[in-house]
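The structures come next, written out as structure tokens.
Look at the two complexes coming up: chain A is in both, with chain B in one and chain C in the other.
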Partner chain A sequence: MSRTARIRLFWVAAAVFAVAYTAACTGLPRFGTEVHPYGTRAVTSALHRHTANAVSAVNFDQRALDTLGEESILFAAVLGTIVLLRRTRDERVGQPTAGRVLPSTRLLGLVLLPVTLLTGVYIVAHGQLSPGGGFQGGVILATGLHMAYVAADYRVLKRVRPLSVLDVADAVGAGAFVALGFAGLIAGGAYLQNVLPLGTFGQLSSGGLVPVLNAAVGVEVGSGLIVLLASFLDQAVEVRSQDRSGSGGGT
Partner chain B sequence: MTILPFLSAGWIFLAGVYGLVTSRNAIHAVGCLAVAQSSTYVLLLTVGYRRGGTAPYFTDTPLGTRVVDPVVQALALTDVVVGATVTALLLGLVMQVRKRHGTVDPDALTGLKG
Partner chain C sequence: MVRTADLLPLAVAVPLFGAVVLAVGGRWLPRVAIDALATAWAALEVAGLAVLWQRTGDGHSVSWLGGWYPVRGESVGIVLVGDRIGIGLALLAGALVLAVVVYSWRYFDEPPVQHAGTFPALILLFEAGMCGFALTGDLFDAFVFFELMGAAAYALTGYRIEDPRPVQGALIFGVVNSLGAYCTLLGIGLLYARTGELGLAQIGLKLAGHHADSLLTAAFVLVITGLLVKAAVVPFHFWLPDAHAVAPTPVCMLLSGVMVELGLYGTLRIYWVVFSGPHGIAPPHLRATFVAAGVLTALVGAVMCWQQRHLKRMLAFSTVGHVGLFLIGMALLTPEGIAGVALYVAAHAGVKAALFATAGVLLDRHGSVDEHGLYGRGRDLPLVGALFGLGGLALAGLPPFGTSLGKAVTEHAAGDRFPWLPVVFVLVSAATGGAVLRACARIFAGVGPRPREHDDGTETTGSGEAPEIRDPQRPIPIPMLAVPAALLCASLAAGLLPGFGSALAHAARQFTDRTAYTAAVFGHAVTPSAPLPEVGWSVEGVLLALASTALAALFAAAAVWGTGLPWHGVGRAVRQRVVLPLRRLHSGHLGDYVTWLVVGVAVLLVVMAA
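Entry: the complex of A and B
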């Protein structure tokens, strides 16, 4: 199909979509409506299970099985990216050269690296109480580690990033979520049912299974994202195709 | 006009699809797909909004406070996670296409290669 024909087809389709979508929107409940039957029930159920963060309660308690699917997608995507970006036979690895880093950048990176990692752990651990959780905290943990790349260079990042350990941690985190689900079956309930003691409302230990699942997801997302970024960074910094000579790219 | 927030989600979706259709660069197309997908975040959060409601967290807010729908927020979280991982996978594919075919223009990728 030619380019102009494709764009014309888009405009026709867009017009049809716009009309149908607008008609559908007029039939929806009013924006900002008082009636949220699912929301009201989810909040009641979350408070009943001593989980102050209703969103976490939905994700890791009421609909934990859906989150199992979600984190499986994440695991599969990390796996797929690693397979796609593996080094092929006609590529070789160059030695990355160190780039110049401003002293102020180096200092700021060094100061912020532990602060960011601590923030990540905090966000993972308080997922049942305040906005955050395993997914969000895991991303902060993974990006925080790359402060080493910003503040120093790729060789330093490689030293603070034990990829073989993180590969295993990614799989263990994903497996732990599946294994924790069996706690419900052992206790005589359903798979992934929240059977742990619920604790005091508003405390760090509240929510039963929710903080445990959050920790498993935090480990999986954190290590998975580092492995994912590592395969992209390797491509950009280290891997050189056969026909292009010279050392690796600068960092 | 209470329908406007819903329509804005549709507009973002169409803007993303327009970018996909006219794209001459696969990395640009992946970005456009992310734009089209982000319309679903807007739609989900619009559906779950309750007038005057605050975030559904009860650590500091007293019980019984009017809050927005937490179910759609959980769905939006799933959406973000899946969107990010799919973007990473697609960018990996684009890198391999660039290596094997020497181009990232989707229109230039016509023939099949064994």
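Entry: the complex of A and C
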């Protein structure tokens, strides 16, 4: 198909799509209605299980199987990235050179690194109480570590990131979610049933299984994301294909 | 003792946990231990699913995850529902995964350093996705497992990164499937906004209270778009040959054998449970649309399959052709059609996986899957040739293979409604089987004149592929021959064991019973009222099967020896007018594929709204 033909055909089809979708949207419930059948039930169930953050209650208790599937997708993505970005026979590795960093940037990075990591842990740990949880906190944890890359250079990042440990941690986090589901079966209930003591509403220890699952996801997302980024950064910074051999790029 | 209902989530949890164990253990364990562990895990999954199949019988197994049982008919949780069609597909996926794990025992020359367990781990994640998708009774949950299937499959397709082609194929696979998935998600959003429910049965119940309108049709089309992309229905099929041609052979066995068929299963499951109720999508309308799409898919697949000289592309297009036939059978919306397709899918999985497995042996020996370049070079592999030829005959519908029985039952169901449809079945089976027989005769017997080796620019030759395993001097590993032989035997058994057909007849009646499914979700057993479809050999079916097999042999013979015959000129004219433009559409250009995807959605939206 020629370029013009392709673009014309696409826009004609896209216009039909837009019209049909707009027509479909006119059949949706109006904005600002008082009740939503699922929302009402979900919040009631969340309160019943002493989980203040109803979103976490949906993600890690009521619809925990979806979350198990989603974190498995992340696990598959990390494994896939390791496979697809592995070093081939014709790729050479160059040493990354030191980059110049302003002293103020370096200082800011040094101060922000512990703050970011602490924030990450807080967000993971309070998932059952306030907005946040394993996914969000895990991303913050992974970002925090990359502060070393921004504020110093790639060699420093490589020193502070024990990839082989994180690689295992990623798998263990994913496995822990699967294994925690068995708790329900062992207790005589259903898979992924929230069988732990529910605690006092609003306390850090409330929500039963929800904070434990959040911790597992936090470990998996945090370490998985670092491994994921490491594969990409290695490709960008260190790996040289044979026809472009030479020293590594600056960082 | 595990309760039957708990086997449903375990079918997902077991392979997920296995993937974790292999990913971690792969760092330290030797290669033999990794292969043994992967095999044991795949066998455990098959055993669990077999017990589930046995215990569920002709009823439903229902598991409410997290113990969120419905209270006054409402639940906030996810439900897994197993009936014989769903469990059967999960079992098929499990059996194929076991075959693939055994087949790839000594397959790859060097696994990634420090990550030797990654390949089997990704295979198990793929399996978890397929089983979850087949067993879930929740629309959003189905989407999650659909994406898990995708994420694992994209990575597996691009596994051989030394070659740029697999990476390109995986990229096209990923982009086209993800765009389809976005459409599905848009559709799920519309349904959720209207009903406030995500369970299939629950949405179906709530929709019965609304009138059919533009939201309903748009939601239906959007939800099934992603599934039709996965099922490679024309014009959503362009990704499939590109991905199959480059994916490692063991992965092709899974993609063609069961993943593509799961897309069709999802489409029809969602139609029956969600949209077939009062004020839903009218059956005659859906039947006309899907039968038309099925015929188009079958013909495009058959024509393109016949044109290929790259063996894996040939097998990929044969899958497209057969998916078209499956779609026709399922779109009849009768228990007989579903029963026939179920049998056809099971037997086709064995045959197609066996064909890919034998093509993998050629790739291993000669570093090529080019029919022309391999001319006569398979003479020293008589056993491989016999397996390949037998696979071709089974594909064409030779009795008593299960493919033949499945085709016969589906054909009969189709002929009852549209008397001309059996012609499509015979032609498509003959063309796809004939293409395999033609390649078999040239490669393994070296008959006919030597075909030209150069290509005219519109072909994918399949030469110059990197062998997926090194050291061609070593003997062929036994699993690489035992697995295709076992798969062909299984396909034969599917046609010969009368108990299998009658189990699928019950399964099909249950699959088409919306009331029984919905009642089972809420804990009531309903005895199905529809008559049991007839699944067995008939004179008419055997005659048509023999006709398609003979026609396939005739096609192959004409292609090998018939170059000097008078009607050769006619063939050239057809090729110039019809086939060449069709081949040009399969351009490998991602922009083209995306455009066809949007065009497909637009056409479906218009047709279903009409």
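In this section, the second predicted complex is superposed on the first by the 251 of 251 C-alpha atoms of A that agree within 3 Å, B and C clash if a C-alpha of one lies under 4 Å from a C-alpha of the other, contacts with A are read in each partner's own complex, and residues count from 1 in each chain.
As a convention for this text, a contact is a pair of C-beta atoms (placed from the backbone, for glycine too) under 8 Å apart; a residue touches a chain by one contact, two chains touch by 3 or more.
Since the structure is predicted, the reported quantities are computational estimates derived from the model, not experimental observations.
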item	value
Which superposed partner A:F10 touches (first chain B, second chain C, both, neither)	both
Contacts of A:T26 with chain B and chain C, given as first, second, both or neither	both
First, second, both or neither for A:P211, with chain B first and chain C second	neither
Which superposed partner A:G202 touches (first chain B, second chain C, both, neither)	first
Partner chain(s) touched by A:N59 [first = chain B, second = chain C, both, neither]	first
First (chain B), second (chain C), both or neither touched by A:G144	neither
Residues of chain A touched, compared between chain B and chain C (which is higher)	C
Partner chain(s) touched by A:I73 [first = chain B, second = chain C, both, neither]	both
Touching partner for A:P96 - first (chain B), second (chain C), both, neither	neither
Which of chain B and chain C A:G109 touches, first, second, both or neither	neither
Those residues of chain A which chain B touches in one complex and chain C touches in the other	6, 10, 14, 17, 21, 25-26, 28, 36, 38-39, 42, 58, 63, 66, 70, 73, 77, 80-81, 84-85
Chain A-touching residues of chain C, taken from the complex the two chains share	5-6, 9-10, 12-13, 16-17, 19-21, 23-24, 27, 63-68, 74, 76-78, 80, 112-115, 118-119, 121-122, 125, 128-129, 132, 140-141, 144-145, 147-148, 151-152, 154-156, 158-159, 161-162, 167, 170, 186, 190, 192-198, 213-219, 221-222, 585, 587, 589, 591-592, 594-595, 598-599, 601-602, 605-606, 609
Interfacial residue positions of chain A with respect to chain C in the complex	1, 6, 9-10, 12-14, 16-17, 20-21, 23-29, 36-39, 41-42, 45, 58, 61-66, 68-70, 72-73, 75-77, 79-90, 164, 167-168, 171-172, 174-175, 178-179, 181-182, 184-185, 189-194
Chain B-facing residues of chain A, complex	3, 6-7, 10, 14, 17-18, 21-22, 25-26, 28, 30-34, 36, 38-39, 42-43, 46-47, 52-55, 57-59, 63, 66-67, 70-71, 73-74, 77-78, 80-81, 84-85, 129-131, 133, 135, 202, 221, 228, 231-232, 235, 241
Complex contact set, residues of chain B against chain A	2-7, 10, 14, 17-18, 21-22, 46-52, 55-59, 63, 67-74, 77-78, 80-82, 85-86, 88-89, 91-93, 95-96, 99, 107
